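What follows is a set of structures to go through.
The two complexes that follow have chain A in common; it is paired with chain B in the first and with chain C in the second.
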Partner chain A sequence: MGSDRSLWSEAWRDLRQRRMIRACLWGILVFTLLAAYGEGVYRWYRLTDRTPPYQQVNLQERYLPPSLFRQPFSYDRAGGSTVHLGYRERIRKGVQVLAHRPLGTDNLGRDVLQRVVQGARIAFLVGVVTSLIAIPIGVILGCLAGYFGGWVDEVVVWVYSTVACMPGLLFILAISMVVGKGLTGVYLGIGLTTWVGLCRLIRAEVMKHRDHAYVMAARSLGYSPWRIIFRHILPNVFHIVIITFSLRFPASIGTEVFMSFLGIGVQGEPSWGVMIGNARLRLWQGIWWEMTAVTAAILIVVLAFNLVGDALRDALDPRLRARDNT
Partner chain B sequence: MGLQWDYFIVTRYIIRRLLYMIPTLIGVILITFILFNMVGGSPAVMTLGKNASPRALEEFDEQRGFNKPLLAGWWTGTRALPDTDFRDGAGIWREVAGAEWVQAGPGAGALRVAPGAPSVLPDAFPLRTGTTYRLQFVACMPAGGSMRWLIDGKPVGMEPEQAAATWQRHVITFQAPDQPQRGRMAVEVSGGALELRSVRLERRMSQVYDSQLVHYFRQLARLDFGESVATNQKVGTMLRRGMLPSLMLTVPIFFGGLVLSISLALVCAYLRDRWTDRVLVVVAVALMSVNYLVWIIFGQFFLAYQLKWFPIWGFESWRYLLLPVGIGIISGLGGDLRFYRTIMLDEFYKDYVRTAFAKGLGPVSVLFKHVLPNAMIPIVTSTVVALPFLYTGSLLLESFFGIPGLGGLSVNAINSADVDVVRGVVLVGSVLYMVASLVSDLCYAVVDPRVKLR
Partner chain C sequence: MTAPLLQVRDLKTWFPIKRGIFARTTGYVRAVDGVTFAVQAGETVGLVGESGCGKTTLGRTLMGLEPRRAGEIHFGGTPLWPRRHSASLPFRRRIQMIFQDPFSSLNPRLTVLDIITEGLLEHGLIRPRERTEAGVRLLQEVGMDPDVLHRYPHEFSGGQRQRLSIARAMALRPDLVICDEPVSALDVSVRAQVLNLLIDLGAAHRLSYLFISHDLGVIRHICSRVIVMYLGVVVESGPTSGIIDHPVHPYTRALVSAVPVPFGSGRQRVILSGEVPSAANPPSGCRFHTRCPYAMPDCSRIAPPLERFQPSTGAAREVACLRKHELA
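Moving on, here comes the complex of A and B:
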């Protein structure tokens, strides 16, 4: 992609110069690392066939508030004792308290922080896997329709306008109901329904490129259509894929939260939706920390992705802004 | 709006568009067919559960046409005798007298039927009278001998059949007896033992094209969406009843959100790049990023439960709608505001706006008389297409606030795997979407005189 390098590097420089976007990129990096860590923990405990720490029930420590709200640096008043600890001792104890269940525990005494990290893992998986389903469908169909036109185009347009007719969330839920509850249902439901917008954009863009001189040149050199589409045209429209990816990532996280909350999504694992559903019942008893932790996690991740996606769109293709309503 | 609103042109246009709708409608029907009839497991099992009796499952399938061949064909499965592969286990064949499941050794994973008195097959319910059945099985008789299949004690065919010493596929076709008898199948083995590897019973249809697909199309042609399993009501009735509460919730959300976001977008566009605009944009992105669930939970908890400003749950008077409507507006505001702001800004840099300001018009007049009508073009297309989703209601709002509309209905239906209801809502939703996109194109022509209907 020799000639595009300037576009990409310029966009990258553009993004890095804005402080807000830089913060968001760091946020996304941390989210990715946490997800990877969560995956490691998950795999390790499955491999060794033990209960992972985020599932360990500890009834003595139910409803433990976040450590900051447990007065970590105050006197130890347990049992009415008024022993004055030394300064260093108090700091040491305080840090100990802070490090123990930093975000508190839920109704079964499970560590909220570890569960939030597991939720990050699931959210990341959902974002990536659904993109891996939706983006190839959208790109391939869009390229074929745009390049070949004619009946291929008509068939593709028929397929995507049919899918576009289906009522969004309900269609997703119906797919996952048919496939069966669980992550696979979530992946398929979101992945198979959210490729239409990308397909439309790619189709329109490829149509424009079809008559450009470089495509004509490639055609007159006798290259096969596949080579022209995927080696010549696709790199020139690839920024659409990047932008779509960064904007659909948070959307699919949100959908997963819905589905898991409704009980159709993830089963038996602490996804953010499952945690919200769980925490919602406790909220009425004044247990606010689980809810707050999950809400904040979702907000930060989705906000970071939205801002970066927007900035990417502005940097790579400002014309896309008005075209889709996201 | 002169000539092009010729009655004839509009009618021709609408007819053409309606014709274009046919392939899409067929596509939608096919997608729901593929989804509910082909991809998933049996809808009967999904709805009634794994422990339902085969008879109940068969009745469910019979009522909904799920026991017919998928696309076309003479033969279709029946639940009277479960399809069994003895390599996986013996299932209900364990209780068959004179038969034993061979677990290990030579001939492992087979059912050995000993010679002697007839062994009655473990059928779940009688065969249909006067219907032709076909029994397919893979069998061998290592020690030689012969077998005879019996229906109500009467042999099928004349001669006892021989089976080879190696695995071989056998097919016997027979007619279920006409008399209202039990219609039990049995096998009588003589000589050496018979070993069965797999068994499948099929029923013959009276017509080749009497398939699930045709049944589905016929049902839809009668506008019959089936029957809910949970409530035993007609799905059509349920959809009609749920529509009003849904609309009472979504129409105010739609118009409220539209008015609010468009006016805020105008403010943003007018004060572009000043702090009001910047703050509003940041707030919009933040609003967008808050999950819908969070709005609902916090709204219900703080505003309704703690502050007692609104009723928490129910559908008794207009006051019950206030909170859900407010939440609906707020949650959609962020995205809409940003979208409309972009549109407004695109208009704002055009020459006619500068001219309007230059000739001394006030901001209100420029905004509402000049910018807004032009910005309406993209707004109309995006909003009218959103109209049919008003009908499906808001799944979450309705189930959280106990509003008996279509959204809550669908959530319940999905949770209880009520196939017909889900399918009905999906179908009607997509048809409404098609109609709305037609209306949207017509509106497009109304607001933009440059658009010509073809």
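Moving on, here comes the complex of A and C:
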């Protein structure tokens, strides 16, 4: 079998056949849906000009542990004993307790689960928007440098070497200082610093394809350079973009968490980094659930994306495929 | 005689050799080093020589795929290639190329329809809705089943792929087709079919071919004239049968004697010793003198010009050899 239209469908089949990868794909789907739900909640409450539930301060319910740890079948929501009640009544009250603040509350009595979902929304946005900034830059510059060579290549290599030799975090800090704290700074900071790796890969791959006979044929048919680059070569190197996307997504989430933790990231909204920064202060008091919920969420998302990204690389990389193909 | 379709004068293609951290050019690989020839309209010219003698580079330079260092290419009286992309388009239509490797010359991500009709669309020769029709016509022309329009290149065999490359090149109705070893990557069993297809198309559309090959059998089958290259220069050129039956230049003799003959006809083989010298540092004088069985001291000093020559037996031709009168 060759490696053409079937490349994608075969890769997809490979991925689905592996149980771990299937679980990861489900995880990513759930993450996406939660992010969409979070976006919906966020927009709805902004539209109706009310305080969203994840921001509602409830000082009576500070430091509520996750519902499983509140002995749901012995005590009701107000803390009254349900031991004397009948079997059915105890279960009913117990379920009510389980559904109430399932992951507990933080120092201001805000619901941790709702805040984790909002964090997923921010993480998803960061992953997507930074990719939308970084991938076009990397792809376009890489294609131009690889195809034209000469001074174009030298300029591009100079630019990306300059960006790459600055410590990424300093660059991100500088950008967020310029555009101000907040999501815009996060987007631009991460987006403008993480295109270098992709640009290098695309440049090298385009250089390789430039000398293939099909590109020679396209040139001798008189196609314009743009047509050759974007219609003939790019589809042949596009798997690199997919792989890069799935691997840089978790990295940018991690960077956002770190920036928010430092206080230059998301402002006034519960991102995962903000929550970690908040939870850290009371971890020593034994308030472990906020930290646990957030780190578990990050772990699952990052792990799922990384595993899928690695599997995609295995499935789409022609050098790895060549062995069982020909 | 009318002006030739393609006239090449003193064409040189040198590749710089870069060394060191500042990529200084320390020398040149003289892949094509002063080649002059002409192709008449409707004529099929063979270009023959062993690997590394510059045949493919010459073909690519003629297509404008490699930058040339010196010399002129005239096509129908107009110098090629214009610097501007738009100005070169009319010539792109009239000169096409068929590549050696049918496996890398078709884009694996495009369907047959895209591959063979994209050129027509790009040059504005058909409208988008006439695409399928044009594709079917082209496939029929190269003897393929029109059902394959929406398949991808990997689904075809080498011979079929080469038919697709031919269809792609013929789509624009060119006047000249440069065939860079179009059958050398194919099985012997399908070679003849592809060659006959090329001959038929050539006759039907009054095409000129520049047929690059290292296979004299193929050249004899298809070409009326042959040019023999060695290390970037032409050593002998003239009518195919005349040259193959009565070669004059010692290199041509060696090439001809290397063609396998059934049942050992008792012909004497000329066996060349050594490898082709490096084109980065070609021998002085006659480039062939290091391997020539007839070399004499002058050969390493004087580069013989390509001159018109009428041997006692065989057709008139052009030969670049100091001892041609003795050897003929």
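One rule holds for everything that comes next: the second predicted complex is superposed on the first by the 305 of 326 C-alpha atoms of A that agree within 3 Å, B and C clash if a C-alpha of one lies under 4 Å from a C-alpha of the other, contacts with A are read in each partner's own complex, and residues count from 1 in each chain.
Quick note on the criterion: a contact is a pair of C-beta atoms (placed from the backbone, for glycine too) under 8 Å apart; a residue touches a chain by one contact, two chains touch by 3 or more.
Here the structure is a predicted model, which means the values were calculated and not measured.
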Chain B versus chain C as contact partner of A:M291, first or second or both or neither: first
Which superposed partner A:N306 touches (first chain B, second chain C, both, neither): first
Contacts of A:Y214 with chain B and chain C, given as first, second, both or neither: second
Larger contact residue set on chain A - chain B or chain C: B
Which of chain B and chain C A:L132 touches, first, second, both or neither: neither
Contacts of A:T162 with chain B and chain C, given as first, second, both or neither: first
Partner chain in contact with A:F258 - chain B first, chain C second, else both or neither: first
First (chain B), second (chain C), both or neither touched by A:V95: neither
Residues of chain A that lie at the interface with chain B and also at the interface with chain C: none
Residue ranges of chain A in contact with chain C within the complex: 1-5, 212-214, 216-225, 227, 232, 235-236
Chain A contact footprint on chain B (complex, rising order): 23-24, 27-28, 30-31, 35-36, 39-41, 46, 285-286, 288-294, 297, 301, 305, 335, 339, 342-343, 346, 378, 382, 388-389, 392, 395-396, 399, 410-411, 414-415, 417, 422-423, 425-426, 429-431, 433-434
Interfacial residue positions of chain C with respect to chain A in the complex: 60, 63-65, 85, 88-89, 92-93, 95-97, 99-101, 104-110, 118-119, 122-123, 152-155, 165, 168, 172
Sites on chain A touched by chain B in the complex: 158-159, 161-171, 173-175, 177-180, 250, 254, 257-258, 261-264, 273, 276, 280, 283-284, 291, 295, 298-299, 302-303, 306-307, 310, 321-322, 325-326
